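What follows is subunit A paired twice: with subunit B in the first complex and subunit C in the second.
Moving on to the complex of A and B:
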């Protein structure tokens, strides 16, 4: 438990490039709000969906960039700072070490998503039923956890590929399209809808929208469960990939190669 | 003539350098293509297929701005990292003149985004690149790139004073897309944003390109874009000279 919690927090403080106040506020708080406004005004102009669609969608999406980049930094920066070898030499459970790293990003993602939702509500005037807030908190938390696990998968790729930032940037941008947060899913081709079913955020965004429209928590619980299931699947995949890429990096003597 | 030669050679060299970077090229092409795809599906959902070419052009402009923003914002830091900042500043030329080719080159590299979104739209979605004023489009894009390059100089000179320039870069991407009307028309924004949009060269550059695409008065927009860009260049040159003097006096030129 100590390795999972304290280890995770220490690695967050050491490895997350965006933890400084300027980066945190500029990139993680202000950036997503402007993204929300951009799509909300685009949606207003085109008349595709109402403000609520974009506010809720972008609030859920706000957690993804942080968790994806954070998960990647949790692995990539170890190599950059020359400490990856020390981590991999540790006799402790590798699984606990990496999962512990994802948890602070999930908490942080929840905070950013909640901030974006509140700012969207205040700036564009979205009415949210008081009873929906606990369900929304659970939905945002499930999205943040799933995204953090997905971030670890990207982090695993950072062990193998040099252009990890390119992978991260591309993935975050593709999530805008595939998750249906900014484009109604019914207007996407079938293969994009199918792909969207297997990425984080999609089910959470759908559940959050239903909650804002007055649905009960019980009716959206299956979708939250799907989101958590996807997160668990990505966590397992991350564990496997980290083991495979670690072994390959040792074999090729490329562990610390930048 | 010597100044023009320096700008020309400097720009060509910087374009060649950034054209070798897979990250830069991929970033300049992949992100705008995804943005263009989002715009295409939104327009389809809105049943506005006649505006598809505007979506492709708008997404391309967004890509140009992103490239300029991150390229110019990090220009000085990148020179520091490569150990070439001192050599640039030691050159017996105005410091703004030595940095301007870098920022113009970022704008030129950004045109990959425009090419990518137009090509993607044509190949995948059958959006034919038919412009209301094709020749003016070919004039509007370079004017826009030049304008953004000069605006980039102002950004580069301002950001060099900030330790967290990256944070500002990350923050400025969407607001400029929004305020400049690259994809979302300015008319749907609150009225108070109008004066802010009017002083941005990006607004007039984007307007020139959109007018050339869908029909309208292109030359006034180009003139405004270049006029504001010259003002940005003057401010950027003053700022760059001040920053260079200060860094030399404090012996911090090479320090991040």
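Moving on to the complex of A and C:
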């Protein structure tokens, strides 16, 4: 249990590039708010969708990018520091170790999403029903967890491929597109909509929007469930990939080359 | 339970690496080519050899980080390929170098995290970490971030980490690299104490005096193969029947080494810069006195101290790795 919690927190501080006050505020708090404003004003201009659409979408997205990069850094930076070998010498459960690493990002993501949402409400004056907040919190948490698990999958690829940042950046861009956070999904081609069903954020974003428009928690619960299910699936996939790539690194001696 | 702490049987490992992008070429390096040895429980075993000899590769196979291409190995009776968890619980690994630490964390947090990873019980962690910081002399600086550490301080932290979980078998890959002389002496004492306390130690080092002082037995590996194995005293016999002449000289002309090498009876020549002077070490067969020939060959060069001495482990090492040492090879060369 300590490996999961304390270990997770220490590793977060060790491996997360943005865990300094300046980077944290700049990249994780201020950045997303400007991104939100950008899309909201663009949306007003083009008349595609209302403020609520963008505020909620970008709040969820802010969490997702962070969790995604975080999960990936949790593995990638080990290689940068040359510590991976020492970590892999641990006789303890790999599952606990890796999940412990993803959790702080999920918590952090939740915080960032909530901040973005509140700022959006304050700056753009979006009315959010008071009763919607607990549901929104649950929704954002599900998205953060799912994204952190997805981030670990990307992290696993970092064990295997040198160009991990290429994969990360491409993935985030695709995620913005497919999840319909900044483009209404109905306007996307069918295959993109279909792909959106299998990635984190899509269901959470849709649930959050409904909540803001006054839907009851009960009516969005299935979508939150879907988001969590997707998260669980990615967590399992990450576990399998990490195991496979670790075994492969012992065979191919790919650990110490960067 | 096995009688040995470490058993390596015909270990081999080759690396494949790709170069080129348009026309990729695969090169295969045979880093270790069939190494067999056994280390007893509580033994302090040295692994010596030139750069690229395959020492680190051998250690990485023994500590489960690499899978051997062929051969088998066991640590405390557990197979290093199949029973990784059992092996990992019982071993510690110290790797020389600047990397391998979390730069943004303090020494204390580095140790905390690895204490967790290496399964040190929660209630013992604090005391154990304090004890180790004391042992490696980092007490008082444990709160600073590692990125500001000097090379030697990093190395001390590496050592502390390797000892966290009181491993039964300790792999020390150049532990004294970058460590100052006093700390190196403390380190040798620590290692000797650990071995005296029953810990099995496998040590690689490029400092012959260190190996001579510490090791119960030494294996010399070169080109991925075992060249010699024995106690330091036994190994020194490889330089038996040799005489060593050391000459301090100022301004040795290029080509002189080759000239000396060609003298009758000379078996090996090394040159080493020491300040303004150069130190020439000439090994020769014992029944030939090469001193006068050597001095004649150095005619015109300003000379300092000239001395003859008994061969050391270093001389034996040089004899072994340069491939013409050892009673077994002697006859071959002579024939």
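Just so we're on the same page, the second predicted complex is superposed on the first by the 258 of 258 C-alpha atoms of A that agree within 3 Å, B and C clash if a C-alpha of one lies under 4 Å from a C-alpha of the other, contacts with A are read in each partner's own complex, and residues count from 1 in each chain.
Please note the rule applied: a residue touches a chain if its C-beta (ideal position, glycine included) is under 8 Å from a C-beta of that chain, and two chains touch if they have at least 3 such contacts.
This one's a predicted model, so the numbers in the text were calculated from it and none came from an experiment.
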So, after the overlay on subunit A, do subunit B and subunit C clash or fit? They fit
Partner chain in contact with A:133 - subunit B first, subunit C second, else both or neither:
neither
For A:161, using the defined touch cut-off, is the partner it touches subunit B, subunit C, both, or neither? Pick first, second, both or neither.
neither
In the overlay, answer first, second, both or neither for which of subunit B and subunit C A:14 touches.
second
Can A:177 be said to touch subunit B (first), subunit C (second), both, or neither?
first
Have a look at where A:250 lands relative to subunit B and subunit C in the superposition and call it first, second, both or neither.
second
Touched partner set for A:169, first subunit B, second subunit C, both or neither:
first
With the two structures laid over each other on chain A, which partner does A:85 touch: subunit B (first), subunit C (second), both, or neither?
second
Subunit B versus subunit C, judged by how many residues of subunit A each one touches:
B
Partner chain in contact with A:41 - subunit B first, subunit C second, else both or neither:
first
Lowest C-alpha to C-alpha distance for subunit C against subunit B (Å)
12
Residues on subunit A lying within both footprints (that of subunit B and that of subunit C):
none
Parts of subunit A lying in touch with subunit B, wherever the complex brings them together
20, 22-23, 25-27, 30-31, 34-35, 37-38, 41-48, 163, 165-166, 169-170, 173-174, 176-177, 182-184, 187-188
Subunit A contacts subunit C in the complex at 2-3, 6-7, 10-11, 13-15, 19, 81-83, 85-92, 97, 250-253, 255
Residue ranges of subunit B in contact with subunit A within the complex:
22-23, 26-27, 30-31, 34-35, 37-38, 41-46, 48, 163-164, 166-168, 170-171, 173-175, 177-178, 183-185, 188-189
Quick one: in the complex, what on subunit C touches subunit A?
15-16, 63-67, 85, 88-89, 91, 93, 95, 97, 99-105, 109-110, 112-114, 116-119, 122, 161
